[in-house]
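You will see two complexes here that share chain A, one where it goes with chain B and one where it goes with chain C.
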Partner chain A sequence: MTRALKKRLKATALWLTTFVLMIVMCVPGLWVVLSAFRPNREILAKPPVWVPQDLTLRNFTKIFGIGEETVAIPVLSYFWNSLVIATTSTVIALIIGMAGGYAFARFRFRFKNAWFLGLMLFRTVPGIALSLPVFMLWSRLGIIDTQMGLIIVYVSLNVPFTVWLIDGFFRQIPMSLSEAAQVDGCTRWQAFWKIEFPLAKSGIAAAGVFAFLTSWNEFALASQLTRSTDSKTLPVGLMDFTSQFTIDWAGMCAMAVIIIVPALILTFLVQKHLIAGLTFGGVKG
Partner chain B sequence: MTRFFRTRQAALTPLLLLSPAILTMLFVVAIPLVFSFYTSLTPYRLTRPETIETFIGFRNYVRLWEDAAFWAAFWRTILFLVIALNVEFLLGLGIALLINKITWGQRTLRTIMMFPMMFSPILVGFQFKFIFNDNIGIVNNALQSMGIIDFAIPWLVDARLAMFSIIFAEVWMSTSVFAILLLAGLFAMPRDPLEAAKVDGCNAWQTFRHITLPFIMPFAFIAMTIRSLDVARAYDIVQVMTDGGPAGRTELLWTLIARVGYENARMGQANAMAYVSTILSIAFTYFFFTKLVAARRYMGGAE
Partner chain C sequence: MAGITLDRVVKRYGKLEVVHGIDLEIGHNEFVVLVGPSGCGKSTTLRMIAGLEDISDGDIRIGERVVNDLPPRKRNVSMVFQNYALYPHMNVRDNLGFGLKIAGQPAKVIEERVAEAAGILGLSELMDRIPAELSGGQRQRVAMGRAIVRHPDAFLFDEPLSNLDAKLRVQMRTEIKKLHGKVATTVVYVTHDQVEAMTLADRIVVMKDGYIEQVGTPMEVFNHPVNTFVASFIGSPPMNLIPGRIEGGEVRFSGGGTVPVPGRLKEHVRGGQEVIFGVRPDDLSPIGHGIHEARETCEIDLTVELAELLGTETLIYTSLAGQEIQGKMFDPRDLKVGETLTFRLSLDKAHLFDAATGRSVRPR
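What follows is the complex of A and B.
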């Protein structure tokens, strides 16, 4: 009896510790979200106002220019740029990554590990270091401050990791399945689309979400390769709220919420597959 | 004849499939890197475009060698990475072990844990700039309201505290990568060796040290490799939190590159620095990747 009780107590303590830890982890994010619904004067109040007195949507209507004569910061076009750039680069990276990942998962060829490592090492070039030559070359090509300029860069940013993930997903599918289909008269191409692709589909979607988020969140390259509303993305736009002496905290918090909400929803949808892909199918979660 | 054709085709197919990936990396990364290397051998300034044609050999690199600000940023970056990666690994391991023990609500906890991973680094920087603000930040406000301090702690103004705040933000953002992957390792672990150890009379520490830890090390190396692929995203955090200040005391290699290249328009010099930072990143990734391959081989092909 006492032993059971002790065990139970121990489990509760463990759970509480973890729970508190998680709360601590979430507080910074939640505080920003809460502040997005508070007016600036309450955020700046001294002594601090702990319990929100008036929650408002005004920060959001303001940055989207609803009920305003002039829009100070064109968040809507930043949002559109982000969406177009992230989606396009994701689709292209997925197509390239699927071909590459399939090659690594299903074929033996010379210098296979070296190719894989080489691909990864290209990914590791720091964004800001890469931005210098890309900035110079893109200016010469005249694609500075265009959506296309950024899309090209983001495709190359996403390809290595997409290959890594998709390689992992294809390896989880037994080779015998597609071989059986080929014995039954399918070509390899048909076997791929009818057997292997449907099985790897959710994994590929997870890789797509990961690529989308990488582009959606990128700052170092975007901040140098974009100038105007033609191509500025949301993370770069966030810096518009800071001028030399003042910071519009409430506006920035609202903008932060706009950036984070799509990311959280997408992550939530594919989290299981994402972990599985990263660990080469080591998990059965 | 057909057989010959078949084998030829079999050897070509993977390369054909890989070629779009290779071409992309060639055009967007390799060629710019070559161009970058050439530029680092010139005194190129953005304000004087003709200077790109002057060849000065390795003078930019020699200048780097003697540049105190560069070395300060270089060692600060190394220190930053060593501290951040170690803390992230240890914290991540702790969290993974805790969550592994929990039976109720495990899924929810795992989901919550993934959230920081999906924050844009620039958002993480902003978030902690907001939270550590000396005047209106929640940290100072809470400490003052509870009566622990009666003055404002200058979190982002004092050099040491600013570095601490930056590392805190970095750890907050990246610990979950380790936690998630180590947890995946714990889930994948077979039960038998653990039971055998129990029967043989191992205590909890011995079991952990000699069975659990070796088993999850490949997962730790996966996490390390993924992290080292984009360690440079700390640039975003520093950029928004302190912009390298106060007085250059939180300047990392990456912020220094941006300052020299874009603000001072000294592209030649900045490219030389960029090369050093690229080699540093490649060394990190290569190191962890070989560790990963070795650990996987040791595990007997857990791939």
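What follows is the complex of A and C.
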């Protein structure tokens, strides 16, 4: 076997492996999207219908109450709740994450490492394990089934992560840049906003996307802490398609698409910022 | 434009004192180089002048103002950092103009000053590039440009050349010297490289362990080091230092052998005193190869252990009194290892230091 052939075989094998892995990852998602546009009978058909015969938008029109057949699910309320809760909790988690990340990266203070470790340990506790204590606390406080109740939970879930990620990005930015800006006439605050913030932007954007997606997709805690259209989020709303004896797979898949699309759009919009690397070059590596 | 005064300046980190009450007077438009080994407190001192470190005690004045409690932005100084600290997300033009923009200067003034600085430093062609697209030398020039556009009271340089390769370092060294000629301003320059210190400074401040060891012009510090530390730190290759004892008008080396006590130092030593005899390699040459006009010399036979050809001269490694020393052969010929040569030692340029204190026996 020549070396060129060996090389080509290796490349092909690598490509095939990647392809198979991608299929394994993508097929369930694709199946959900595909099912959103198919009638229930085709989804449940045995043997399965691999290639869709009958593509339709009826699943969506049904959810939104358009046309004759409707499903009594307040999707718009759920969507609104999800949007408000995910956005607000992300913004708060980012503000705290930026302040905390900056502090951990830049300042010396007592028990710094212990604090940081504590934050990280908090992440090791599975959210669902907290659901009972949180439920009891929230019910005492009267914030069960409110947007605020979920926002607080999501902020506390996301803050350790945003602090950790943003800290890493600030650490990459040499101190001397901020110092140079201060000698150049900036206050520390100005140096932060004009120099360090733009350079850490990609990290902050990444932290934001992750925090948003965590809140947007979270199901376990939301299902415990919400009751009605006042606070139910989209993932919890998915459960509305199950009843005692049947599951409306088509409706559920349509709803899943409604959940996926905003997340996809957001990721697409900030993908530019997710690619880090701006900090290189300004200082000698 | 202004001078800088340090008055008993102390820096402590918690209980650890790293700068011990130093005094320094830097004249208007003077080029002063702080030099010393790592950890001697030179960078800390510079950062205290810039306002990037608080001072724990004492006073710093820039011009007539005491600046102890002023933040960096109110001190009107510019700083060039070791890693350049260019803003990676701004092009050269914006990097140069950043300080003026922050100061709220009108766009026209910014444009003029940036163009002026770019002209001085030859950056005009590079204005639209970002730092990542510049070479090391170009980045260095942008960093200097950023310092000069603001017309500050003083430039502070923190080891600005240590990231450059040897050739570029020499080139930038001359550029900095020229720049100081063009924009006459007080300069405080920190380096651990004594060659930079010698070539650039109006005055050198030699520091060690948070103390100032000596302040003087390069020639003063080179020719009259106050102690063995300065003697061995300034000058390359370093001064040969050989321990001995004063006996009957001679220095008797601990490892054997003698040289006469230099005439000018005779009255400063007493019999039995433990001393360290110092002579620079330049003042120890084989007869006929350097040291012609010295008034007072002595001769010693030394065996060549290693010879380094440097072109116009050859550095000879040899031993005196059991200690490795170096001499220089000017106008060199080929040498063999093991060859014994008679060296002439220039006594009028030799030094004696007290062995106990390390200080020169003849204070200036």
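A few points about this structure:
In this text, the second predicted complex is superposed on the first by the 258 of 285 C-alpha atoms of A that agree within 3 Å, B and C clash if a C-alpha of one lies under 4 Å from a C-alpha of the other, contacts with A are read in each partner's own complex, and residues count from 1 in each chain.
Note that in this section contacts are C-beta pairs under 8 Å (C-beta built on N, C-alpha and C of every residue); 3 or more make two chains touch, one makes a residue touch a chain.
Nothing here was measured: the structure is a model prediction, and the numbers come from that model.
In the superposed model, A:249 makes contact with chain B only, not with chain C.
When chain A is checked against chain B and against chain C, the one touching more of its residues turns out to be B. Once the two complexes are laid over each other on the shared chain, residue contacts for A:21 go to chain B alone; chain C is not touched. In the superposed model, A:155 lies in contact with chain B only, and not with chain C.
Once the two complexes are overlaid on the shared chain, A:32 sits against chain B while remaining clear of chain C. Once the two complexes are overlaid on the shared chain, A:120 sits against chain B while remaining clear of chain C.
Look at A:181: by the touch rule set out above, it reaches chain C but stays clear of chain B.
Once chain A of one complex is fitted onto chain A of the other, the partner contacts of A:217 are limited to chain B, with no touch recorded for chain C. When the shared chain is aligned, chain C comes close enough to touch A:195, but chain B does not.
In the superposed model, A:261 lies in contact with neither chain B nor chain C.
Residue overlap on chain A between its contacts with chain B in one complex and with chain C in the other: 278-280, 282-284.
Those residues of chain A that touch chain C in the shared complex are 174, 176-177, 179-187, 190, 194-195, 198-199, 278-284. On the side of chain B, the complex with chain A involves touching residues 10-11, 13-15, 17-18, 20-22, 24-25, 27-33, 35-36, 39, 95, 98-99, 101-105, 109-123, 126-128, 130-131, 135-136, 138, 141, 145, 172, 180-181, 184-185, 187-188, 219, 222, 225-226, 228-233, 235-236, 239-240, 254-255, 257-258, 261-262, 267, 270-271, 274-275, 277-278, 281-282, 284-286, 289, 293, 302-303. Every residue of chain C that touches chain A in the complex is listed here, in rising order: 50-52, 71-73, 75, 77-79, 81-89, 98-99, 102-103, 130-134, 136, 139, 146, 150, 156, 163. On the chain A side of its complex with chain B, the touching residues are 11, 14-15, 17-19, 21-22, 25-26, 28-29, 31-32, 35, 43-44, 46-48, 50, 95-97, 99-100, 102-104, 106-107, 109, 113, 115, 117, 119-130, 132-134, 136-137, 152-153, 155-156, 159-161, 163, 171, 213, 216-220, 223-224, 235, 238-239, 249, 252-253, 256, 259-260, 263-264, 266-268, 271, 275-276, 278-280, 282-285.
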